[in-house]
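Next come two complexes, and both contain chain A; in the first it sits with chain B, in the second with chain C.
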Partner chain A sequence: MNKKVVVIGGGITGMEASVQLSALGYSVTILEKESQLGGHLKDWTVLFPNLRKGTEIVSFLEHGLELQEVNVIFNSKINEIKKINKHYEIIVEGRKTLVADAILVATGFDLFDAHRKEEFGYGIYENVITSYDLEKIFAKEGEIRTPSGIKPKRIGFIHCVGSRDEKVNNHYCSNVCCVTGVKQAMELKTLIPDAEIFNFYMDMRMFDTHFEELYLESQKKYGINFIRGRLSEANETIDKRIVIKVEDTLTSRPLKMTVDMMVLLVGMEPSKGTKEIANLLNLKMRESGFLKPEDDHTMSNVSNMPGVFFAGTCSGPMSIKYTFTDARAAVTKINCFLKEYELQNRILVN
Partner chain B sequence: MEEKRNIWKDYQKEIADDHYYYVRSCIRQSFFPASEEFFLKVLKDELGKDIFDDPNHTTCTGIGYHADVVPFETIMTVVARHFALMKESGYKNIIISCVTSFGIYTEIIETWKHFPEVLEKIRENLYKATKREFDIPLNMTHSSDIIYKFRNEIAEKANYKLINQLTGRPLNVVEHIGCHYSKMFPKYGVGGAEFPLVLAGMIKAWGGDVIDYPERRHCCGFGFRQYLVQANRGYSAANSKKKFESMEPYKPDLVLCNCPGCTMFMDKWQYTISELEGKTYGENNQGVPVLTYEELAGLVLGYNPWDLGLQFHQIQSEPLLRKMGIDFSPEDKYKTRSGIQMPMPECPANINF
Partner chain C sequence: MTDFGFTINKPRVIDYDNTDKRVLKYLLAHEPSFNSCIFCGSCTATCSAGNFTDFNIRKLKIFIRRGLTEEIASEAEKCMLCGKCFLVCPRGVNNRNIILKVREALTKIESHEL
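On to the complex of A and B.
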């Protein structure tokens, strides 16, 4: 009988890992809390760095699931996970108990809730939106309007919202927001060629392939302005525009600007689901709440519980490219574990 | 608005219901003497509360502290003495009249929480100097917290509302919170630091509209070093000007403050700006009245504006009184309680009284 793997979460990681595990001959079940697969990816229209459509990636993943037999249980709520000898029993509300020889946790991230940065006025001032809200505006197509209904002439992007911010207790960098800010600024400039666009950043972390080129292109070809400065507060004018107050940290001077729309580039946080599963399985978490591997160098994807692995953004912020890589890496680890390869038990000598 | 309500829910503080020990403010006693008197009167007579106004307490030395002439250890010991007086009088809940003092008290209590050895040192200092011992208050509030707590009781007894009788529309009220009320420790302020509710709650309860203008959070410019050093006073006035320029399009009928420094400077700098720049804010160049929360509560409750001391402000409040439909006697404005006529101040050149 095939060994059974239960994958918790049906986003990019869960989908790709399931396809690969199934191809290796394991019997795979995805537990997805929503009514469809794809996680956050389905909410994103075009992707950095090459501006391809998000739906292309979704269809690639779905095609994989069609090729392989993967059982998907939608709208599933896990109540309990019990370790019995060498396997796990997963009790899903209103369903038959599932048995797993290995578990892959792929519970992903939640977007930072921008309401927590009260001083930025998200949810209070209608023309303050998040990068996620902007994607929804892009998805609607047609002419771009601010929530107040005007064609924006000046737009401000605020980087690092909820990331690298001691005040909200998120010390880490979310990896993807810098390049998202560049991508979204370019998209807006394409749609509104006469708009002035300003990105207020701490550092531009253009670490990956083609990111730096995209950043240069956004300045040279699109005329996007980048100002190194941290937003202190935002306020609303009588005509609903947003007054931005930042310190320009290159000139060491305060700067005040009024924009028609302010976009907050929200970072990643460990998802509620990640915390719930970590609780049920007694998984170790980092201070940030992301899952902690047994060893940062040699044991990524390996949890403190035998037979429980994890991959993707439940272990920390990462882009789609690295999410794929991480999902496939976890599959290798699970395969080693289920086949009881010696490789699994290599020794670290101090 | 819905989102602000959520924020306000996150920053609720416990405000004791009765039995208060009261510490006064140096500035308020000098510039708005009726405010503190009226606060005590409202609590005792209107609300039937027990409040002790202790003649033995002193300044907190806050102005000296912020001017760098009083060291932290000294001010902590002075505050500890106030706590000792409170303990000796049998009270556990303290009300602080001044926002500067309130900020100092919060800073000290937080310091003691994080550095217990400092607390021990201050206990020792106070004992050596005065043979007194003290307890940290069970409940610490600013006096605006108390008026906020009883805002609905005041609204029930109100004779006047913050409604323009000529138009039937709510008055546009600017609320200005002292920086030291909650910007240092948001948890000590009703509604936190970004969207404080303490004054906004009173304004809403009494029928007015709160103006949210771009420079709402900006400091009034008081800032101790700005006004203590004469050469810096332009900086102080410039900050107030920035605020008035920002609120002007919203046509404010009144500015409500909870900090003595803000009330004083936002009031008096309007005269300075009118002299320096020839610019006067408010309708018909009359200026925008700047009131304390006790003065506004007094007007709402129907007290005589001259008993509330409104004539001692730089900007005169008659336009506001007319809007609220308050019946007042212009000839009594500069008379003493016994009816003796006092000298009348001159009318400034650029403010239309």
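On to the complex of A and C.
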């Protein structure tokens, strides 16, 4: 009989890993808490660095699943996971208990809730939105309007919202918000060619292939302005525009600027689901709440529980490209485990 | 007017909404490489003038971006046009030509052409 793998979470990681595990001959079940697959990917219209459509990635993943026999259980809520000898029993509310020889945790991230940075005015001033809200505005197509209904002439992007910030207890960098800010600035400029766009940053972290080139292009071709300074607080003018106050650190002087719309580049946090599953399975977490592998260099994807693996953004912020890579890396480890090849000692157990 | 014997400090804050962007506009039209600067400071580090005076070519470019015309005017005259800054720039910014264009813009502002 085929060995069984249960994949918890049906975002990019869960979908891609399921396709590959199934192709390797394992019997795979995805447990998805929502009523559809795709996770956060559904919310992003075009993707950096090449501005391709998000739906193309979704189709790629869905096509993969169609080719394989992967069982998907939607709207699933896991109540308990029991380790019984060498396998796990997963108790899903209102369903038959699932048996798994291996588990892949792919529970992903939640976006930082910008309300927590009260001084930035999200939820208080109507023209303060998040990068996520802006994607929804892009998805609507047609003319871009601020929440107040005007065509914005000046827009400010704020980097590192909810990341690299002791005040919200998130010390890490979310990796992808810098490039998202550059991508969204370019998109806005294309839609509103006479708009002035400013990105307020602490460091520009353009770490991956083509990110730096995108940054250069945003300056050269799109005239996006970058100001090195972290937002201290925002205020609202009488006509509902937003006053940004930063230090213009490269002139060592305070600077204030009024914008028609301010976009907060919200970072990633370990999802609620990640924390729940970590508790059910007693998985080790980092201080940040992201899952911790047995060894940061040599044992990524390998949890402290035998037979439990994890991949994707439940282990830390990463871009779509690395999410795919990580999902596939986890598949290799699960395959080794199920073939009784011990990764740590590099020996076949049986 | 009554003389109180003291003056009020000029505020240090850059009030972006009310500064003068004429030099900036002129530059963007005449030296597009201006846009590619990432303010790394290589130009300042190598600058012949900057090594002997308080001239800072990197900072001058930010003054231009912020529309601080007074600061621009006092800085732009300090450059010796040697062109070393262009040689070291990782983004191909033609600083020497920027200085020439800034001086041009300032002359035009003075003669009300801009």
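Convention: the second predicted complex is superposed on the first by the 342 of 350 C-alpha atoms of A that agree within 3 Å, B and C clash if a C-alpha of one lies under 4 Å from a C-alpha of the other, contacts with A are read in each partner's own complex, and residues count from 1 in each chain.
Definition applied: a contact is a pair of C-beta atoms (placed from the backbone, for glycine too) under 8 Å apart; a residue touches a chain by one contact, two chains touch by 3 or more.
From a predicted model like this one, the values you see are computed outputs, not experimental measurements.
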Exercise. Just chain B (first), just chain C (second), both, or neither: which does A:P306 touch?
Worked result: neither
Problem set entry | First (chain B), second (chain C), both or neither touched by A:R228 | second
Exercise. Touching A:G25, do we find chain B (first), chain C (second), both, or neither?
Worked result: neither
For this session: With the two complexes superposed on chain A, say which partner A:M257 touches: chain B (first), chain C (second), both, or neither.
Result: second
For this session: Could you tell me if A:L216 is touching chain B, chain C, both of them or neither one (first, second, both, neither)?
Result: second
Exercise. On chain A, which partner touches more residues: chain B or chain C?
Worked result: C
Exercise. Both chain B and chain C touch chain A; at which residues?
Worked result: none
For this session: Name, in rising order, each residue of chain A that touches chain C in their complex.
Result: 204, 216, 219-220, 223, 225-226, 228, 248, 250-251, 253-258
Exercise. In their complex, what parts of chain B are in touch with chain A?
Worked result: 2-4, 6-7, 192, 194-195, 212-217, 249-250
Exercise. Once bound in the complex, which stretches of chain A touch chain B?
Worked result: 115, 118-119, 122-124, 233, 235-238, 243
Seminar exercise, completed: chain C residues touching chain A in their complex are 12-17, 28, 32, 35-39, 58-59, 62-63, 65-66, 91
